[in-house]
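Okay, so here's the structure we're looking at.
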Amino acid sequence: MDINRERLIGMLKTMYKIRLFEERAKKLYKAGMMAGNFLGALHSYIGQEAIAVGACSCLKKDDYVVSTHRGHGHAIAKGGDIKRILAELQGKETGYSRGRGGSMHLFDLKIGLLGGNGIVGAGLPIAIGAAFSSQYKKTSQVTVCFFGDGAATQGTFHESLNIASLWKLPVVFICENNLYAVTTPASETIATPNVGERASAYGIPGKVIDGNDVLLVSATVEEAVKRTRTGKGPTLIECRTYRWDPHCFVITETRPKEEIEEWKAKDPIPRFERKLVEEKIINQEEIERMKSEVIKEMDAAEKFAQESPLPSVETFKEEVCAK
Amino acid sequence: MREIRYVDALNKAIREEMIRDGNIFLIGEDIGPLGGTFGVYKDLFREFGEKRVRQTPISESAIIGTAVGAAMTGLRPIAEIMYIDFITTAMDQVINQAAKLSFMSGGNVQMPLVIRTQQGPGTREAAQHSQNLEAWFVHTPGLKVVMPSSPYDAKGLLKSSIRDNSPVIFIEHRLLYFKKGSVPEGEWLVPLGEAEVKKEGNDITVVATSLMVHQALEAAEILSKEISVEVIDPRTLVPLDIEKVIASVKKTGRILILHEAPVRGGIGAEFVRQVTEKAFDYLDSPPRVLGGLNTPIPFSPPLENACVPQVEDIVGMVKEIVKEK
Amino acid sequence: MREIRYVDALNKAIREEMIRDGNIFLIGEDIGPLGGTFGVYKDLFREFGEKRVRQTPISESAIIGTAVGAAMTGLRPIAEIMYIDFITTAMDQVINQAAKLSFMSGGNVQMPLVIRTQQGPGTREAAQHSQNLEAWFVHTPGLKVVMPSSPYDAKGLLKSSIRDNSPVIFIEHRLLYFKKGSVPEGEWLVPLGEAEVKKEGNDITVVATSLMVHQALEAAEILSKEISVEVIDPRTLVPLDIEKVIASVKKTGRILILHEAPVRGGIGAEFVRQVTEKAFDYLDSPPRVLGGLNTPIPFSPPLENACVPQVEDIVGMVKEIVKEK
Amino acid sequence: MDINRERLIGMLKTMYKIRLFEERAKKLYKAGMMAGNFLGALHSYIGQEAIAVGACSCLKKDDYVVSTHRGHGHAIAKGGDIKRILAELQGKETGYSRGRGGSMHLFDLKIGLLGGNGIVGAGLPIAIGAAFSSQYKKTSQVTVCFFGDGAATQGTFHESLNIASLWKLPVVFICENNLYAVTTPASETIATPNVGERASAYGIPGKVIDGNDVLLVSATVEEAVKRTRTGKGPTLIECRTYRWDPHCFVITETRPKEEIEEWKAKDPIPRFERKLVEEKIINQEEIERMKSEVIKEMDAAEKFAQESPLPSVETFKEEVCAK
């Protein structure tokens, strides 16, 4: 492994952070403690952690990330503050979007987080715009654009990849193919076996990789980031993965049980952990310490969110009327 | 009469029509085994198979476009847009194609097409999942616009919409799906373009559609001791049964229009325009609109609630209007 | 003062602003060497190069999306949609993204973005090239809506729009591009949200924007011997200077709103709503709207002409209103 | 040549018909005799005749054609009546769309003509719908969908080709790549050298052919039509060609003179004609007779259109009010 130890350990910790955050969020949601739990706009990232973490481990703080409806993992991996994420999920004034956005709309310009999106496929053209900005201003910032297999069949996919290629924009497209869009299998929605191979239709490199292998994700994204930082244009990377939970918590699970179990056995966290232990980069004790740190952080975030005030209706109305 | 849920009334309407006419097919996202995100298509995939229940990729332009092409060539598509917010990705096909091609072809082609969708805030899903967009479609010549408030109307109006030879946008409300109401057995329709007086009254006319009908009725109930409120549900915004509204205003002298969409440029204004034009001399006080605040819908529950008319707001506004003059 | 054409006034505004602020760039179709289909960008490609004048494929969603992403990250895009009819292929980016993201991010991002487009019938291009869609955008919280009627306003308002930190939809009119008007030299702005009385009068208030201002002034001229018409141009529909309109109605007691878009659900209705709410007791006759027929715009010249208000229609309607009561 | 004589001669005649129709239309337009000549929504098909004619020569009367803004050629090739086309261009009641649609909107369901379109790229999903209809009703009808290089970068291209492939719809996509969209060169808008090769991104056959060779067009389309009539799904065919006139008659010509001349030398009509003469399928005398027949038809059409009444404003208003 040619990544330094600190970064590797950081990656493992971030994977735990995402996993435990999502578990906590689910628990709170099921206990009726989330703002959004009437119809459940809560999309769990569990199972896909290797992608956000692998990809964001290649980015600098001022690089941009364009996220999706399933965006908690991206926000955490890009360095988002879980206190403010959880507060946002509860509709609190201290949340990233002051309770205006909710789970699907986490923004933090300071860490380059350009928001999730409630519209499938809408992030791709926005990512083009962010990448255009960096190219225009001659900064060396890169934009990573996450999207799902479902988004790959929206017209915006086509328009955006075409323009990104034509203008050699500094953007990396990462398709998280978790095999389903809500309940519809990717095999029913994508006419080719892979999304990654569509890259050839835009004259850009395309990869199809195991998205549960965080090291492979990070190595692949690293290469794409290097390429695009030096002006050579975009890459499309399809990461095959699986979400463990249903699409969101009000949608009935329709996927075969065996399939779910099969994929749970491919859990990206123990897989990476085993590797790190084998290579003596971390030991069991350190792992336990790491986990308890993350849990503490989670407790603190829960407390913070819980104690944070809801936005003031009066102030809000004044704001609206001022417009 | 038996009571069934709004969502089941829709399901029955579609099933009955599909049995009646083999040219009807369904197209949309997650409408197969799941039966649609809200269950409107429950069991239809099992009954009619993938030929007639066509689950698609997330490609809204192609969903509506496919329906347009199919309608022009003799089928009768029912296309679902999961949330009305997502119709923004297919507006060209709705506005420039579905709504116009029959006209632009000089009648050479017909467009018997229903676009089913649902809208509304109230479920803490934020601004991209909570819009009420009926005003756009009311302003688009060539479309019919239907907004049922009860299981009875949902069933009767959907059947009429399916049988209509013009494109219809059929707008349901997420918060109504699980409300029950009585729906008779047998074959009957609710015609497009016929308003219904949901409650009679003498002091003020309240016009409301969809979810707001229920809020209006609740407010009327609360006010019943002091103010006699007439509640009218136009049921279809295009065609619009303005006569029934005018008749009511001539009786009450006052009118309040309710909707969840922002007041600015909403359909309330259109009612005000028609009512002032046609019943100016009968008005005892200015027509008023109570609608949404002029803001994208926020996620946080107290803010979201503040954005759309609540029963107590309606009560307050009715009192205010009746007190005037 | 020198007289220049509307199209040249726009060109000057953009050029001046681009010189002032290096973060402004242009994006759209055929805006390079051609200078845009109507010449608004004449010579700008030569002067500023392809970095700042970015000609695109026919991909309207990506055009607006690119502008949104660029605006969020510190640039100030001016995106062109060649005909407003084509914005239907990019509505998600306009409505759900540009208009909402600043709000949805709790103010974390800003959206200094101008969408320039043009609209209107009258050029025999049929229903997919002739719509007036301002009402949709007026009904969309988060957008500003600008509709200049003269070269002076075009220049001053476009500069204000470019400097604004909210998304602005700037709607020009194809039939105005080659009309001349006086435009002073030097640096000045027309602020957003300030209506202008284009002609004073006492008997009736006529509200009009864009091309209709000219029709209104012509009608006023024809009527001048018998009826004293006040013509007000709001210039921006959002923000709206309703106070100036109300003040005028309080003086004249009568109001007619003109637009080319269909009357049903158009912005005329919104004016009626606000005027009846705020000046009911001053009204001597019902507020009226004269607008387009409720139909897609036909190709054939006599039919097209019949669909939108002509000067003689305005004259007739003003007479009818003033005679009432 | 394995096409029968009658069909070959018919093809040549139709090419002449289109050419002479467009010349006549242009003349009338320039003389101020078209309804639409204020801003000139008149898009000439001259130079591209081989594509419409080659493609439609493979179709039956009840097969469908989805056309574009540049649609006179498609309408004529599908068997449209030039009297009614010209009348439509002049906004007359006797026109195909009763003067409601104009040049960009020619419909005739009787010959499967499903209209042009004023929105670039809008025809592709509509074509999918027509093809879906035929598949649904188990007729053996095929839909041919014409579109330009400009339309190939709209999102609808992607959505439609994907679905057509997934559902094996009976549709043939024909991209008329005339190298420009208005004034924008295809090289600035399409990230790959060809549109045809994008077919692989949808798992369907793709071809890139000389669009000025009517026999090659017809052979290529024939194969695609056969394939799709037997349930094997869509084909994408890119025909390289050139339009002789500017985009429309109010847009300034920006293309290099030499380029235009070069392409005029590749005129598809004499090329085909030479071949037919060589192969003794037609002789010069027959050609002259054919041309004068076409001119006569054109004169009759002009007279018909000229003498036809404009639509009645009263009737129109009544129709509108009835709605």
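A, B, C and D are the chain letters, set down in written order, and residue numbers restart from 1 in every chain.
Basically, contacts are C-beta pairs under 8 Å (C-beta built on N, C-alpha and C of every residue); 3 or more make two chains touch, one makes a residue touch a chain.
Treat the numbers as computed from the prediction; the structure is a model and nothing was measured.
Trainee: Check B-D, A-B or C-D against A-C and flag the pair whose interface repeats it, over half of the contact pairs matching by residue number.
Mentor: B-D
Trainee: Based on the averaged CA atom positions, which chain is farthest from chain C?
Mentor: It is A.
Trainee: Starting from the mean Cα coordinates of chain B and chain C, work out the distance between those two points in Å.
Mentor: Spacing between the chain centres: roughly 30 Å.
Trainee: I'd like to verify one number: the distance from the centre of chain B to the centre of chain D, where each centre is the average of its C-alpha atoms, in whole angstrom.
Mentor: Roughly 40 Å separates the two chain centres.
Trainee: On a C-alpha centroid basis, what's the spacing between chain C and chain D, in Å?
Mentor: That pair's centroid distance is 36 Å.
Trainee: Measure off the straight-line distance from the CA centroid of chain A to the CA centroid of chain D, and report it in whole Å.
Mentor: Measuring from centre to centre gives 46 Å for this pair.
Trainee: Which positions in chain D are in touch with at least two other chains?
Mentor: 97, 99-101, 105, 117-119, 153-156, 159, 162-163, 166, 188-190, 323, in rising order.
Trainee: Quick one: which residues in chain B touch 2 or more of the other chains?
Mentor: 56-57, 59, 61, 85-86, 88-89, 92, 96, 103-104, 126-128, 141, 293-296, 298
Trainee: Looking at the complex, which residues from chain B come into contact with chain A?
Mentor: Listed in rising order, the residues are 29-30, 32-34, 37, 55-61, 85-86, 88-89, 122-129, 174, 293-296, 298-303, 306.
Trainee: Which of the residues in chain A come into contact with chain D in the complex?
Mentor: On the chain A side, the touching residues are 153-159, 161-163, 165-166, 188-192, 197-198, 200-204.
Trainee: Can you list the residues on chain C that touch chain B in the complex?
Mentor: 61, 85-86, 88-89, 91-92, 94-96, 99-100, 103-104, 126-128, 135-136, 138-139, 141-142, 238, 261-270, 272-273, 276-277, 280, 283, 285-289, 293-296, 298
Trainee: For a test of understanding, state which residues of chain B touch chain D in their complex under the given definition.
Mentor: 25, 51, 54, 56-57, 59, 61-62, 64-75, 77, 92-93, 96-97, 101, 103-109, 141, 239
Trainee: Okay, in this complex, where on chain A does chain C touch?
Mentor: Within the complex, chain A contacts chain C at residues 64, 66, 95-101, 105, 107-109, 114-115, 117-119, 122, 124-134, 136-137, 155-156, 159-160, 162-163, 166, 323.
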